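Listed after this line are the structures, all set down as structure tokens.
Each of the next two complexes has chain A plus one other chain: chain B in the first, chain C in the second.
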Partner chain A sequence: MSLLDVRNLEVTYADGSAAVRGVDVSLEAGGKLGIAGESGCGKSTLALALLRLLPAGTRVGGEILLDGEDVLAMKWGRVRAVRWAGASIVFQGAMHSLNAVHRVGDQIAEPILLHRKATAAGARTRAGELLEQVGLPAAHARAYPHELSGGQRQRVMIAMALACDPRLIIADEPTTALDVMIQAQILRLIAGLVTEQDLALVMISHDLSVLADTCDRLAVMYAGRIVEEGPARQVFDDSRHPYGKALSGAFPRIGDPASRFAPRGLPGDPPDPAAVPTGCAFHPRCPVALESCSVDDQRLREAGAGRRAACVHVPEAAASPSAVPEPEASPHPGPGAGTDGAGIPVPGPAPSSDATGALGKPASAPPPLLSAEGLHVSFPGRHGGDTARAVDGVDLDLRAGEIVALVGESGCGKTTLARSLLGLLPPTAGRVTFDGRPLDYSSGALRTYRKRVQLVLQDPSGSLNPRHTVYDAVAEGLRIHRYGGDERAAVAEALSRAGLRPAERFFQRYPHELSGGQRQRVVIAGALVLEPKLLVADEPVASLDASVRGEILALLLRLRDELDLSALVVTHDLGLAWNIADRVAVMYLGRIVETGSVEQVLSAPRHPYTQALLSVLPDAPGEPVVLAGEPPDPSRISAGCRFHARCPVLASGEAERAGVADACLTRDPEILGGGGEEQAACHYAATSSTSNPSELIR
Partner chain B sequence: MTTTTPPGPRALAWRRRGHSAARFWKQYRTRRAGVLGLAVLVLFGLIALTAPLTVGSDVQSVTEAPGQPLESPSGQFPLGTDRFGRGLLGLLIWGARVSLLVGLLAAVLSVSIGAVIGITAGHFRGRYATVMMRVTDWFLVMPTLVLAIALATVMSRSLGTIILAIGVTTWPTTARLVRAQTLAVESRPYIERAKALGGGHWHIMSRHVLPNVMPLVLAQTTLVISSAILAEATLAFLGLGDPTVISWGGLLQDAREAGAVSSGDWWYLVPPGIAIAVVALAFTLCGRAVEAVLNPRLGVAR
Partner chain C sequence: MSSVQQAVVPAPAAAAPRRTAKGWAYLRYGAGKVGGAVISLLAVLVTGFFLFRLIPGDPVKTMTGGRPVSAGQLAAYRREFGLDLPMWQQFTDYCGKALTGDLGTSYQFRAPVLDKIAEALPNTLLLTGTAFVLYTALGIVLGTRAAWRHDRLGDRLSTGLALTLYSVPSFWLGLLLIIVFSVGVGPIPGLFPTGGMESGGEEGFAYVLDVAHHLVLPVITLVAVEYGQTLLVTRSALLDEMASDYLTTARAKGLRDDLVRRRHAVPNALLPTVTLIFVNLGRTVAGVILVETVFSWPGLGGLFYQALSVPDLPLVQGLFFVFATAVIVMNTLADLVYPLLDPRVGR
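Right after this comes the complex of A and B.
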């Protein structure tokens, strides 16, 4: 008998929106099931329903058998006993799910004291053991949540979930807010614990690649239903449902030429659970929809060994290998075509030769549009602490029409660098030059500068004033700069350039009436309206759904082509760099440690840090190099190479053999030049390669 | 698509304001206490505004008093007479004008000072904010009444003095509230976006911060009015008001001087006291309702 058996589960919220519409899932002990889907597809509702955590007034139908017992039919006392002792949840935001005023040890002990006849001392000992199981020293039990880093807090959440030896663990987006390296650590920890303790795992994520890497089975949800199910790897590599295809295509495989300069998304927004389309719920967004799809509902059916999919293109009989036609063959333009009917552009693969070709010959390259020279930004330490050197000597050039990705973990100083390039933070030392002239920090000069350099922030909901309409938000820049022309026409043009058409329909909308992708388009339109030369985008797609991500990236690429707009994209996502950037700069602890063209750096990285970052990506080839420890602290930069404490090359003794170990510990690698040439700030890379990077430095 | 030219953004903005006012009223209407408070205020407002027609300014005249001193309520004088023989009902109605006027003006003054200091202290951090907030703290710890008494004694005795005395002593709470809200708004990403667009201090304070603190300021105003009315009554009761005008607090002071407390002339004391309490309560009810409608984060709105 399965450990978890969900039969025909239906969840309808009190406002009438059907969040889950008939889901069947089963999971054996020791199994790992991934549930994927965009926000609003019902995956979190499903997770909450498993423990009856939905708000009062929600109608739940069907059966949820946990160890053969129906959770929905349980008496209240039994539900409480099953919560945490039978099944526990690892929530997404570890910051919000931990109580800030209690020590983490006490919070881990809380469920033990509730469910077991344990003494306070016994519970404390158990909390210490649990912390050690998740790779934290037992002494951390005395810490408060704010004293721990994001990754450590997530480990505490996992320890808490394990506290009462549950049979089932539900992990709801356990790594979404975390850096690549920490994400790799946490995923390995969860997978290890599940195997070791013979638990069952239900993991929920919008990132198909993460699930494919961790789980054995994968279910893709859309509009409250499972539309595809099967062995994780197969569903990810060769999806039978157009929605699954779109989701797995949204995260590019680095090194795959097909996704270079061709971010893939899915037009449209996820359906409103209160108004699910008729027929197949996916048909309005489906690139291969037939006319009958708007009428005929599709149910899951066999689609190969152990696989099921709900699509009209999957034949009733055993499926042929390519059941779903490639979108290119369909009358509806999909990825790879120019512009679809809704005016949403999906550019095909563009040749990158013009961009990369010029980079090989720095001498003939045009002068940079924006350049930073020896830029330092430091913040005084709080309460007399050490000065934090957030940006510690950076040279970086940006040419017209070039997209540069600035990549690094959180805390590496990439956002500070972007802010100081915009003149929002004055540098402590060094200078920023725009169009050959150094940046003037007087308020009048800055105002002129800001007409030409614009910022796009990560969180589109936060970067729009909730009390301003779309029109006001876009016109804001024009009003600040006392635009003389036709304001209305300028706003309309910027909105339609950003893909919001017809623009007039959006004028009087408020941000909360728009979807996440639309909001980000409004922010981009607000930047475009001033006709800038350069866009600085700080994690422009990090808070957006996988399908919308591709759309926004495609928009940035199209703007580059149409308006010759340059962009500096700050991100922790190497796939994004592969998708749209010409050049990439990898930042670590306030300095750029490797730079060069995207093809060179991401296909053949030379700095051990870049190598490690690439190796932990969910579908990277080869053995992952998971760096131990936390992201660096800019107030304590060690002497010698700033990466040496975490460097795998130094730790393995390879640096010693190459005779550079002394240099690693004592000598700071030189600052890399800002130009386009491939360079790495590493003593070891300098010895092992033919072209010595330090010779390239000006 | 119609063939007529679409309305300009200005016209659309006005239409939008109309819509949001209608939405506000729809939500306000659902709050019973707020509607009750509003009804009471409208009633008192009408009484105060129409006082010249109903009772006339003659009611204040001591020399032409129609009745005997300290008559108990009767058909001719429903609320009796004061120590000069004037009808108390007329005085009460006439006194509403001064009490409401002083309450409104003092509250507007107080909230304006508080809002300006709060927004600027929240926007310009650093030394300016430190100095401003220390000044605020100083006013906050000073006993308001003592400070107001000191001011009212030093300056000439007039309504203006009373308004000023109340206004400059009650702003610190508003300043603190507004500053806290300003700090919260300023940490939102759209402020950074506005800065990156080239917006200056004035732009950020007027276009982004002010609309966001406005609900708070509005609600605060209605709440401050009730305490200003109380403060005016207190000052008048202590004999610091303008002796030439009738106000509710002044009536209480007259009653005390006439020995109404010891001689049991309840009609002299109770009506002004109740009027003060009812109006203050009505403003508080309105203020709470406005606050709840405009600030859904209080959690009572949905």
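Right after this comes the complex of A and C.
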């Protein structure tokens, strides 16, 4: 008997939207099932339905057999007994999932006291043990959630989930919004605990690569249905459904020339659950849809050994592995069809001039457009604490028409650096030059400067004023700078450049009427309208679905080609650099530790930090090097190399054998030049000419 | 296990709570708040003096109103009250006395202002304190209920009634209650006294009952007018919290619905209400001028009304200072208590 057996589950919210429309899923004890899909496809609804946590008024049909007992048929008392003791949940974003006014120890102890016959002292001891099990000191039980970092809070959530020894853990986007390194730590922790305690895991994520890495089986959801299911690796590498193909294709595979300068997305948005298209729900976005797809609904059917898919192309697929026709590589089916999706054709591989241009540039380097020299930005410590050196000596050049990715974990100073380059934060020392002239911090000069250098922020819902129409949001920059020309024409032009066509149809819309991708396009249009020379984009796609992500990155690439726009893209995502950047700069604790062309740095990293970052990507080959802990505090930068405390090369004794261990502990590596040449701020890398990452680490 | 533990060596205990550091931070925070309050009080002292001198009317003429008085007598009164001195000298006298705890002598009662205030203060506290406890409790309980079952009929009725009463002028409601329940309308006999605090002549327990009898109508008036604010603030704060993920976590743990509410939702939702409670507590001392006047309650509000009509400058200034002090002290207390309730604030 399966541990979890979901049969024909249907969920309809009180407003009539059908979030889940007939899902069958089963999971053996100890099995690991991944559920993937874009936001709005019903995967979180499914998770909440498993423990009947949906709001009152929601209609739920079908059966959810947990250990053979139907959760939907249970009395409420029984449901409460099963919650957490039978199955527990690790929610996304542990900041909000923990109660801010209770100590984390008490929150872990709470279900123990509720479900087990435990004394308060016993529960407290157990909470301490659980914290140690997830790699936190037991003393953290006395901390409040806000005193912990994002990764630590997620560990607390996991400790809490383990509290009553459930047989099933449901993890809903457990690593979304965490840094790459922390994500790797948490995934490793979950995988280890699940294996060790023989738990079953249902993991929900929009990130197919994470699921493929962690789970045995993978189910892809679209519009409230499972459209594909099978062994996780196979589904990720060789999907039998055009939607699965598009989702897995949206993940950049670093080192794969096919995705270099070719971010892939999926035009359009998932359907509104209140108005699901007829026939196959995916047909409006499907690149290989047939005429009949708008009429004939597709059900899951066999698609190879242990695999099922719901696609009209599948009967043939069962015979030959790749029978789902590849979408034609037609790069441009003409400017956007003007649909709501603002479907921007994703360009094929960029003209080869771009790819080679990046490499060719350092040789005949034109003067940089924007340049930072010896830039320092410090913040005074709170209550007389130590000064935080957020940016601690950075040289960085950006040439016209160049896209540079600034990569690092949160807290490494990348956002501070970007703000300082924009003139939002005056540097403590060093200087910024634009077009050969040092930045003038008088308010008039800054205004002129900001007309030429525009900012795009991470969260388009937060950076757009909800009471401004799209037109006002885009025209605001023009008004601030007292634009003399035809405002309407300029706004329309910027919107269509950003892929919102026909622009007039968007003028009177409000941000809440747009999808996440469309909102980010509005933000970009607002930046473009002033015809800047340079865009500084701070995590421009971090809050977007993978499918939308590719679309926005393609837009940035196209803008570079069409307008010769330069961009500095601040990100924690190395794949993004592979997708669109010419050069990459890896930042750690206020300093750039490695820089060079994307091909060089990402294919043959020389700094152990870059190597570690690359090795923990879910899709990376070889053994992952998970660095312990979190980036240290910029108010306590250690002497010597700032990375030495976490450096795997130093820890393994390799640096000692190469005779540089002393230097690592005492000498700060030199500040890297801002130009394009490949450099690494590492004593060890300087001694060895080899750049084989696996050799360096093992 | 070992593999897992190795992989996840804990971060350097950066976030480990540091008790003493926190204690110091709180002391520094508290000292700042108290310092700010002292400065506000000094500002009130100064404002009070000049503010009431802008009131039209001559206190000496009002007090001697109707009686034949000679210019010499008026001058004598002026000299007695210090009104013949130049303004700056009156001001320095007032400040100097105030700093030694002397708020001057009332013109009309010929008694120290402090004595008059001390006499009326307990009466006011009895009335408004009783009302405060009732309307705060009522507001929180009904507000929590309304939010937890929001948009149902019960919520609509309860919130609607609260809003209506909240917008009713207190003196009008008081007069209405007097007409219906004191004077009596049609078949309804007058059940409660029309005003005052006691009938006189009662002793011991009978006295207590008599005062309680007098309390009923003014307290009802106050509670009816005031509970709506607490209800609305509590309701909207709880509604904000109800969408929070940590409540889903609490439900997923298997807690009963009322435990989710009591243990998780309400403590978070009450945080904004705490500030309101302290502000109301401050206003408690200020009394309620309109209600005390309507019910002839011998409290600070009634006293203020009498003092204003003269204007009895020392008494008005003194009362103003006491009212302001109460509000400032309570606000400062709210600032001091808040970080103890919400661990995120005050560092």
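Going forward, the second predicted complex is superposed on the first by the 657 of 698 C-alpha atoms of A that agree within 3 Å, B and C clash if a C-alpha of one lies under 4 Å from a C-alpha of the other, contacts with A are read in each partner's own complex, and residues count from 1 in each chain.
The working rule: a contact is a pair of C-beta atoms (placed from the backbone, for glycine too) under 8 Å apart; a residue touches a chain by one contact, two chains touch by 3 or more.
Note that the structure is a prediction, hence the values are computed from the model and not measured.
Superposition of the two complexes onto chain A shows a clash between chain B and chain C. In the superposed pair of complexes, A:73 makes contact with neither chain B nor chain C. Once chain A of one complex is fitted onto chain A of the other, the partner contacts of A:507 are limited to chain B, with no touch recorded for chain C. In the superposition on chain A, A:83 makes contact with chain C only, not with chain B. Look at A:148: by the touch rule set out above, it reaches chain C but stays clear of chain B.
Touch criterion met: A:487 reaches chain B, while chain C stays clear of it. Judged by the touch definition given at the top, the superposed model places A:53 against chain C, while chain B stays out of reach.
By the document's definition of touching, neither partner reaches A:305: not chain B, not chain C.
Looking at the shared chain after the overlay, A:445 reaches neither chain B nor chain C. Of the two partner chains, chain C is the only one that A:135 touches; chain B does not reach it.
Once the complexes are superposed on chain A, the part of chain B occupying the same space as chain C corresponds, among 99-107, 153-161, 171-179 or 189-197, to 153-161.
Residues common to the contacts of chain A with chain B and with chain C across the two structures: none. The touching residues of chain A, when paired with chain B in their complex, are 422, 424, 443, 446-447, 450-451, 454-455, 457-459, 462-465, 467, 469, 471, 475-477, 480-481, 487-488, 504, 507-508, 523, 526-527, 530. Put simply, chain B touches chain A in their complex at residues 6, 8-9, 12, 16, 188-190, 192-200, 203, 207-208, 211-212. Looking at the complex, you find that chain A touches chain C at residues 48, 51, 53, 79-85, 88-89, 91-93, 96-102, 110-111, 114-115, 133-137, 139-140, 142-144, 146-149, 151-152, 155, 160, 185, 188-189, 192-193, 196, 383, 626, 628-630, 632-633. Partner chain A is touched in their complex by these residues of chain C: 1, 3-5, 7-17, 25, 28, 244-246, 248-256, 264, 267-268, 271, 341-344.
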